[in-house]
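Next up, some structures in structure tokens.
Look for chain A in each of the two complexes below; its partner is chain B in the first and chain C in the second.
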Partner chain A sequence: MAQGAQKIVFRPLNLARCIIWSGFALLLLVLPLFFNKGFALTLMCQIGTIMIFSLSFNMLLGQSGMLSLGHAVYSGLGAYFAIHMLNLIGKGWLFPVSLLPLVGGLAGALFGVLFGYVTTKKSGTPFAMITLGIGELVFAMSLMFPEFFGGEGGVSSNRIAGEPLFGFITFGPQIQVYYLVAVWLFICTAAMYAFTHTPLGRIANAVRDNPERVEFIGYETQRVRYLVLIISGFFAGIAGGLGAINFEIVSSENVSAIRSGTVLLFTFIGGVPFFFGPMIGAVIFGFFIVVLATITKAWLLYLGLFFVMMVMYCPGGIATLIMMQFPIVKAGRFREIFPSYCLAVAAGLTLLAALVFAVEMIYHLSLEAAAGTTKAFFGYDVEVASATPWLGVALLSGIGAVLFVAARRGISTHWDRIMGDIIRSQTA
Partner chain B sequence: MNAPAPMPVIAAALELRAVRKSFGVTEIIRGVDLAITKGERHAVIGPNGAGKSTLFNLISGRFGVSTGAILLNGGDLAGLKPFEINRKGLARSFQITNIFANLSVFENIRCAVLYPLGYKYSFWKALSTLKDANLRADEILELIGLKKRRDVKAGLLTYAEQRALEIGITIAGGAEVILLDEPTAGMSRSESDQAVELIRKVTVGKTLVMVEHDMSVVFSLADRISVLVYGEVIATDVPEKIRGNAAVQEAYLGTSLAEGAH
Partner chain C sequence: MEFFLISLLNGVSYGLLLFMLSSGLTLIFSMMGVLNFAHASFYMLGAYFAYQISVKFGFWPALLMAPLVVGVLGALVERFMLRRVHKFGHVPELLLTFGLAYLIEEFVHLIWGRSSLDYKVPTEMDGPLFTLYTTTFPMYRGFMMLVAVLMLLAIFLVLTRTRIGLVIQASLTHPDTVEALGHNVPRVFMLVFGGGCALAGLAGVIGGNAFVTEPGMAAAVGSIVFVVAVVGGMGSLAGAFVASLLIGVIQTFAVAMDYSFVTLLKSAGFVITPDTFLYSLWKLTIAQTAPILPYLFLVLILIFRPRGLMGTREG
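For the complex of A and B:
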């Protein structure tokens, strides 16, 4: 051990790592100072939970090349076990509420052992299909056994149960739940990151890249997939347990294909190739599902469009978009390309505005026809049935398109020039 | 069929007994007997489609034999999966480069040393603290001449570099029996000369079986040569005898042999 400690050299990389992790901890600590409204706190709790869930999902997809279409099984069943435990605590069992996520995690891992034994026998598309099947199976079960799953209404509970932690933390106030989520999020993120730097974590990457070759360097790929799935189920279950505390209700929706699809969608948007990608995805999840859904009925349409755009133009997700800038920033030449980026943002916002006006007016005409043809936009009443607003949409689209073409040309010329220089300087 | 060359009495490192393999109705390997001694460098030559790669696939457990037996150090390999055979001390390379394209060169090699060093499936140890694995991986990089390319993504290497990495992954685990499938295929003269030096270096004290088309490579490396034609070994002997073997001349080598053997 002493020898091992000596080997740790203080490299800039380690320094950067220290800064990032302390920065993350600090951010989690101070966020409630800025967002202390009930709504914002609930939202942050939800985002934190989804972060753990999507990181666990990406352990499979991004790190091991396993596309699970039923990952909600592990978080959902974890949530059920956690909420039953919470009810038992309410009945007098001695167990701290703060450790409920661990109950969820153990349940998730247990079901990982059970279902993973079947699913990980296959890889690739067959794996995806089997996980889909298992997801449907568990969902059907959740409706068949109301004693455990609570039927249509689900299982509800009260998180103010048992002895208060340190004498005063009852998890009644949302802020206390926030810090519970924050602590679990930090621990789980660190643990999952550490996992990527272990023998199993690295071999999982090898299995993702080339499963056949792995078999010829002594590893059984099926065993690798199985173990990763169990570990992933563990963290998914923790997320489920936190969700149970946050919402105080767990229903069959928690194990549904919709949940499984949602985590896939936002993990992808966030960025599968990078460890932190899913965390970005979780923030975007918060924006779409919680914020946008309360503002407009058309949020699913926006989400769908956004997802399709990402898949088509940026399959590496937001994280890749960010990481692509690093060589340019490092070469000190970000300033050259920055104006083109600004132009791109302007183009994007203009086109977005055109889209939003059009979609909202169409929604108003089709779904809210009974309410008349005037719609309020940011305090202004717009006569949807007249030509004027539509001309506005057309004008915005035109301006946006021109800006878009200009931005695209600017970015590609700058990008090619700068990257060309960087590559030349490296090989020289 | 020619009788195998006289063998010493010690157990062969690798032995094939009447091995046959059919895909559907076509029999690709038609009764191969072969015994390779410990420490021997053995080349398998033969025309395209003769079944050389298939033979390697059978030995390494990628496919099961239809009939016959394959023994590694006297132990039967029947029914064993590739990873089990690898753990018994046999490693192979592939004719078509088979690496981990998204991992760095160093990670490629390190992956290959983890299991043999006993780290197996552990997820409670940090890779950076595994001194022996990291040292060994760096040694291998030095050996295969890719030290400067240590942190480059394997998919971005040149073809010759990828072939060197392919050999590196194969030998990294320290297996005693090494199978190389056309290690110099597609290389230029100078690249293939380097590859020969590399193979010589990394297989010191090991048993090597390699498939090779380049006759100069074969004659400079091999202790013995087997000629495989249509799934049958028509001759196994030392290089000089193979060169003079009439059946071999007729079936396969023709004039190219004289040209290759300079």
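For the complex of A and C:
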């Protein structure tokens, strides 16, 4: 662009952004019309809560390069404060239940101030280890002070407390809780997205990419990390408060390393480099934790395998996979590569089927041996001890491997050609 | 005196076991910058393999073979998984080992089930070593200490007295120069990773039957090992040794002590009743706080000496 030739165009509204955000709001609004069963509503409430939680987690990991292994501390402690407040409301305190997540958020931020002072002294791997230590510390403490943490059973409450909002919203029916979660989700998502555009959010990106240069231009990286951690703790606390309203019980599991590990897994699977990645991760979380866990005992194994595969072959997560297709779609050449993708999906499904059969049969042999050697698969009884099903597994893996090789070759040739054309057309 | 000596011995033997674990972790970390989150999982695998081998061939072959198998497994993990994500940086490497820890635990569920295994101390070790006043000290504990000390000696000799040890030490600080001199640094990394995992496996072989062999054993010891590595100073073997002993002894003593602020203040003349402000804090006994002591120690070290006891760099 020539000097001075740039025309300043005043664009008061970013159209694409408006469409995306109103679409998001609309989606939140109409979802219960389609999924109005009790189970689906509870699941959506849970997913919404996890979305806020994982977005706050990604403030650290994706935007500031801080891998926290103890993020559940903030959401869990926030949840504890929220549920104690809820109990106080039940005893007659005047505080609206709908603002309860704010209590959780403030508690999360408070503990962010406290723990962040220690943890953000370091970055990178030492930071990860220290957050792990803090997480263990809080978890061990939660069992030491039963007066506050409720011991093994946790603290339970009743969300129908205080004056109803607008006279009729008591948060008794799940649908009202859903809309509460939806409103908070929308506000928090917008706030966290706005945060990425503030000077602090920008300098946090710089701290992630090159802390040394940030120090040279006069910022203290430790303080940037500290501030981001406090804000992230605030949003995690909001998620904790919403969870407390949704489940009406908070136990030491809420601050455990398992919870911290879960948010890490799903945020990463969803996609760390993009703002919306963790939201995809939260939806996958719903699938794994709620759907798959009820079907099979081996769901953690599948989750672990899925995660390791993502780390090894697609460290940008699913969001990156989607965004990578954008230039191709934009150039109108998605049709060329589409058959190869179909082939890849077929290969993936075949390999997955082989894996699932093998794992389920081994699980059956090791854990359900007392129930005999036959296992029911989709209505068929399979004799696990005989050779036939294992030959089937071998055959499936063979077919899957052949398909996989073919798909990989197809994708890479098409990809290289299309991207090459796109780059050439841009530079020309 | 009896309590003191026995607790000290128990603490030292526990600390030495911690050192067997943290030494591998520290070696791997200082060489490759990889925090091996699955380190405790390799410890668990060591115990399970040892059980499987000892059922067939007895304990002594297991003592030799199980660490070797775990070491080979570790080398394979480095070669085919870690090396692939190495180019993405340290955080993906950490995440990979994090996922691996999940996977190994689930594989253990898959193969050996969810309950604890009957992995026993060998019969020839199943007796008292000596009697101190009235308490007997089990022979197996002594054996654990012996193995740990021998291992410490072996690491020291390998690192300082052999050619490969010198290459390893040089690759720690100057990998590029070592590579320029014609050494295969990636292979050295693979060896170190496999070796570190083998050390964890050895700890599993002798720790699995001293304590309990179950799928939760990795999680039980995992975070303590990280505490040891940070407290000792990231990447310092000597620091890991001191920190292991310190944490082992502190924890063993704390578990056996039944004092609280209430008893302390009572001896000073104050009376504390359940109505006193913050009573739940005052009534905690030291034994009850034992699980958090290592982490408290970690936080204190980070505030007052961020590079750890013997660390040379602030990471």
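By definition in this document, the second predicted complex is superposed on the first by the 415 of 428 C-alpha atoms of A that agree within 3 Å, B and C clash if a C-alpha of one lies under 4 Å from a C-alpha of the other, contacts with A are read in each partner's own complex, and residues count from 1 in each chain.
Rule of thumb we're sticking to: a residue touches a chain if its C-beta (ideal position, glycine included) is under 8 Å from a C-beta of that chain, and two chains touch if they have at least 3 such contacts.
Being a predicted model, the structure only gives us computed values, none of them experimental.
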When chain B and chain C are modelled together on chain A, clash or fit: fit
Touching partner for A:F216 - first (chain B), second (chain C), both, neither: first
Touched partner set for A:L67, first chain B, second chain C, both or neither: second
Touched partner set for A:P126, first chain B, second chain C, both or neither: second
First (chain B), second (chain C), both or neither touched by A:A140: second
More chain A residues in contact [chain B versus chain C]: C
Partner chain(s) touched by A:K330 [first = chain B, second = chain C, both, neither]: neither
Centroid geometry (CA): angle chain B/chain A/chain C, rounded to a multiple of 10 degrees: 80
Contacts of A:L303 with chain B and chain C, given as first, second, both or neither: second
Overlay on shared chain A, then closest C-alpha pair between chain B and chain C (Å): 13
For the chain C and chain A complex, residues of the former touching the latter: 29, 33, 35, 81, 84-85, 88, 90-92, 94-96, 98-100, 102-103, 105-107, 109-114, 219, 223, 226-227, 229-230, 234, 280-281, 284, 288-289, 291-292, 295-296, 298-299, 302-303, 306, 314-315
Sites on chain A touched by chain B in the complex: 3-4, 7, 194-195, 197-203, 205-206, 208-210, 212-220, 223-224, 227, 231
Chain A partner contacts - residues on chain B that touch it in the complex: 60, 81-83, 86-87, 91-92, 94, 98-103, 107, 110-112, 114-116, 119-131, 169, 172-173
Chain A residues touching chain C - in the complex, by the definition given at the top: 61, 65, 67, 118, 121-122, 124-126, 128-130, 132-134, 136-137, 140-141, 143-148, 257, 261, 264-265, 268, 298, 300-301, 303-305, 307-308, 311-312, 315, 359, 362-363, 366-367
